[in-house]
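To keep things simple, chains are lettered A, B, C and D as they appear, and every chain counts its residues starting from 1.
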């Protein structure tokens, strides 16, 4: 498989570009949980004028931006254990109530990273099942089945050039048939019954070139 | 069966006497839910120096005595829809949390009225199953299975002179094998494996006379 | 900008259909969204399924909705109308269906709906007529009944104070079923006595976070009726 | 008179036995009852089963309890020790048993224990390795896993403020698992930063009513460690 960064005609999105791209698609008024990594960056790029309420598994609704280092509140961390702030209108609650929000389908959206997404919507993002390593799952499985919509944001390929969009996941599943949309460094794709429907690509990239870099069945936007 | 009040040697307890008798047995520090009727009166007779915390199904812990009519707070009713007060240390919570306290075995005691109690501890107190009448259950079934101890307080016999202590309940059950102790107008009885063990009787009443007025197997305190 | 306040009860109730399942908070006369229920009556909605602890009181709100025969079925623990025999009359006449549910099971079934739990086991009602026909299971030597989540199309909630995000606090015994029902309906509608500015309610004390709320209408009706 | 305050951590922990199942609140470095855990260490308790979201951080509290090999089994969602590889070392050496539970299922299983629900169905983990060997059921076209209640012999809770009845409030993200665990143990022990007079905490804002609490010890330790 070809490497993503060996092309003159197009440029893959970097982490910030990806976060900004996802943020564009979040409408005013949604309740959103962001996973660790690039998803967390999405909060910094919500277009002005939109009020989006961010949820954190550890009992917070209304996460605000991270504080300056000298203004850290040691009592206020997000699910990734980063220091955060609370916006006006925010609230605190306990873990069972927090997962009522998640598992009871009250979140409009969850954005997670992934190792692999299969074209039937299967998600693998919690363990690579490395022998001897202790597995950890956190809230990933709850979020995957609970949010009204699950979007994945990830590089299109691994550092070794392997497609992260696949026909069938090789890693252990987080949840079957849960992903609705994937934002990769190269394209935006919806999970539809036949496979991934390409909703958008980075400028200069052709459908054929995208397909050649993808181990799954792609369909152009009709 | 003989009528309770046709005797010179002894006097059955009246409602207040019954409530006072039950209250004597509630130790300092217990969390207690009181049913409608005589059980509610128990709160007025807790011996001085004991701090007993009363719970109400509709989300109150720390019920205080009823207010004077001109000091009624229309927002503060107990499960019997009577106006009440809140003592210092009391708290409000929602119905699911309230029944977590009940069903999760956090109450030390529940005191309920009954139509019948069987000698295996079966309780019938929610419906007489009168044809055509709409049944109502409230929290009776939850309290019967949930409290750490269930005590019943009731007249020894119906107005028609029928024993309310029975070998087997005739009315529909509230819960099987749940009653630990019964306070009647004539006696205090524990439910033990062979039947009812008589813990106490009104002064002047003999065991034989009590047994003759009871349609269940009684055993004297060893 | 998120602003869940609407200008009228009619606007708050927009889109509710005949045949809807409506969760109605309140316990006795306390904490029931009477003005929203009156709105349902004015809209002429019928064939409703109502989930509520009681069947209302006197001739107002929920009691009136029943008396007008707008309710096909009621799911409740204590189907009495305080100060009226109209529920019994309807029931005897076969004009209303009753699903009697123990109060704690009712609360837990609604909570389960809000929490994504489709079914759970409970000891309540095991071995009684209210468990007839239900699946049971022995777990660690005790018999439990399987109960299903109870969802609403709509929840009618009464709050003491609300902000534009729909964050709610309640007053004393007015809390009761309201916060539980707020989590369990596709459309949660709140009538509030007081309006708070965003950020004015201490975030540690919010009982219903706005995520569970769709619409709020300001109805400063005052105290519940005192019934002696 | 009810007074749940005890004078020392040692008194608070009295009666806990080797082999006990201990629910430990906290999320990351926030809201964990470190002084109570240190007390367990001093008592020399061993063969413990610990239920906690994480495996602790650095070399203190829960992390130290693990490093000292006092824990036979940990039930948690994210078994990592921030700033240390000691959990991985123990795990690889087969010196600790791990029951990995999705975070929401963990919270719900503990909540179920507190609420008298012995088992419930959840969509979480259905179709994954974490559901292997578990009972599943299709309900309305979706597959659910049956999960059991998770009880503790002891819960160790960190609160911000407590009164002598054991009424508790928490601080910000310090709330997390604490109120849930407080409901689910035979013996609930609280360390609190501040002491309130009875009646001083607004009854509308109490998060854990005292009914769930057995003992309280005043440990004004200050803020959690800042970890950057």
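Note that contacts are C-beta pairs under 8 Å (C-beta built on N, C-alpha and C of every residue); 3 or more make two chains touch, one makes a residue touch a chain.
As the structure is a prediction and not an experimental result, all values here were calculated from the model.
Using CA-based centroids throughout, the chain positioned farthest away from chain D is B. Chain A and chain B, compared by their mean Cα positions, are separated by 56 Å.
Chain A and chain C have Cα centroids lying 36 Å from one another.
Chain geometry summary: the mean Cα position of chain C and that of chain D are 33 Å apart. Residue positions of chain C touching 2 or more other chains, listed in rising order: 108, 111, 115-117, 122-123, 170-172, 204.
In chain B, the residues that reach two or more other chains under the touch definition are 86, 92-93, 96, 99, 102-103, 146. All chain pairs that touch, listed by label, are A-C, A-D, B-C, B-D, C-D.
Residue ranges on chain A touching chain C, taken from their complex, read 28-29, 31, 49, 51, 53, 55, 61-62, 86-93, 96, 99-107, 146.
Of all residues in chain C, only 1-2, 111, 113-117, 163-165, 167, 183-184, 198-199, 203-204, 206, 209-212 touch chain A in the complex they form.
On the chain C side of its complex with chain B, the touching residues are 27-31, 53, 77-80, 82, 87-88, 91-92, 98, 100-105, 107-108, 110-111, 122-130, 170-180, 207, 223-228. Here chain C touches chain D in the complex through residues 108, 112, 115-123, 139-140, 142, 144, 169-172, 202, 204-205, going by the rule given at the top. In the complex of the two chains, the chain B residues touching chain C come out as 56-60, 69, 72-77, 81, 83, 86, 92-96, 98-99, 102-103, 132-142, 145-146, 172-176.
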